[in-house]
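Mind having a look at this structure? Questions to follow.
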Amino acid sequence: MPHVVVQYTANLEPELDMPALCRVIAEALIAQTDEGGKPLFPIGGTRVLAYPAHAYAVADGKGDHGFCYINIRIAAGRSAASQKRAGDAVLQEVQARFAQAFEKRRIGVTIQIDESPGQVYDARHSNLHPLFNR
Amino acid sequence: MPHVVVQYTANLEPELDMPALCRVIAEALIAQTDEGGKPLFPIGGTRVLAYPAHAYAVADGKGDHGFCYINIRIAAGRSAASQKRAGDAVLQEVQARFAQAFEKRRIGVTIQIDESPGQVYDARHSNLHPLFNR
Amino acid sequence: MPHVVVQYTANLEPELDMPALCRVIAEALIAQTDEGGKPLFPIGGTRVLAYPAHAYAVADGKGDHGFCYINIRIAAGRSAASQKRAGDAVLQEVQARFAQAFEKRRIGVTIQIDESPGQVYDARHSNLHPLFNR
């Protein structure tokens, strides 16, 4: 973790470079540090997956509005302040990346962080993490 | 919010008009009121995104069964009674829309409402909400 | 329930038989029993949906790494021990199915079980469950 899922209306496709958005979100999270200056998240556990929805309904359906929902799932144990800094860092990237699209149409973007909601089991199987010992 | 995600097996595609299903779910939620008669949800925050899964496994795998999962994520603060009314309203639309498909095959539909599960950060970036001041 | 969603980077497509992975996950869950030897989950409620992400970012973005996230949502009421057995059974299948892919590239796989997180409403509409009275 963090595990980020971006769900968005497909009408935003022409206006957004989604692989680039995924990358800047990952970078924003990887750059976070805790109160002691140590990395807040593991590089090898950071991933962002984006999914356009081709069937959708937004608001009252009048006008070709867009929506983008960004969910960041993290493991438990980080301070509220560091969680807020992480969310704000993602928000800042999102505002920059969506600036042009916002000039063309009405769009709602929501960013939420969930801390291991209802989690009762957690397992990893990875040859990726060892690459990033820091 | 509400943020609705519909995940379904792709074998249901020919039998369901998914954009129409998204629209009636959105309308059912927008029409909800609280105990004081005020709108339960913001129009500008209501969105439904639907995702067919082309790889899937349902039950014991014998027979071309279908599944549809509808998750409605809402913000905290609404009464249990209003949450139930909202869920029931969506259920009613779903039952109507799936009636023909149910005659043709075995299908399971699950509708669940989650109230901001594990949420530790919440941000909006929107030029959509201002359209719908009510 | 259980409701399983597999989210993975599309670069894993050529190396994984995703319908087969969905099937073995479903079988692993259906085979689970509780402390009294009774089925832990209903056959008719077991479904696995897999979604490749064509836009994504993994770790530091250097190298064509893969990621696969498996989320298993279950209803409340099962013992911690049975939850762990269920998770471990899925993990074992995943390790077998990913063995070849792990030889070719760096991949992170995460498996998590959530127990009805934040759930405030739950409804079923199904002609599938009655097939599987056991």
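Chains here go by letter, A, B and C, matching the order in which they are written, and residues are numbered from 1 within each.
Just so it is clear, a residue touches a chain if its C-beta (ideal position, glycine included) is under 8 Å from a C-beta of that chain, and two chains touch if they have at least 3 such contacts.
Fair warning: this is a prediction, and the values are worked out from it, not measured in the lab.
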Open item on the list: Given that subunit A and subunit C are copies of one sequence and touch, is their interface built from the same residue numbers on both sides (over half shared) or different ones?
Closed with: different
- [ ] Quick one: superpose subunit A on subunit B by CA and send over the rotation angle as a multiple of 5°.
- [x] 120
Task: Centre-to-centre distance between subunit C and subunit A (centres being mean Cα positions), rounded to whole Å - done: 22
Open item on the list: If a residue has to touch 2 or more other chains to count, which residues of subunit B qualify?
Closed with: 51, 116-118
TODO: Please name which positions on subunit B make contact with subunit A in the complex.
DONE: 1, 3, 5-6, 18-19, 21-23, 25-26, 30, 43-51, 116-129, 131-132
- [ ] Provide the residue numbers of subunit B that touch subunit C in the complex, in ascending order.
- [x] 7-9, 51, 53-61, 63, 65, 67, 69, 72, 74, 80, 83-84, 86-88, 91, 94-95, 98, 102, 106-118
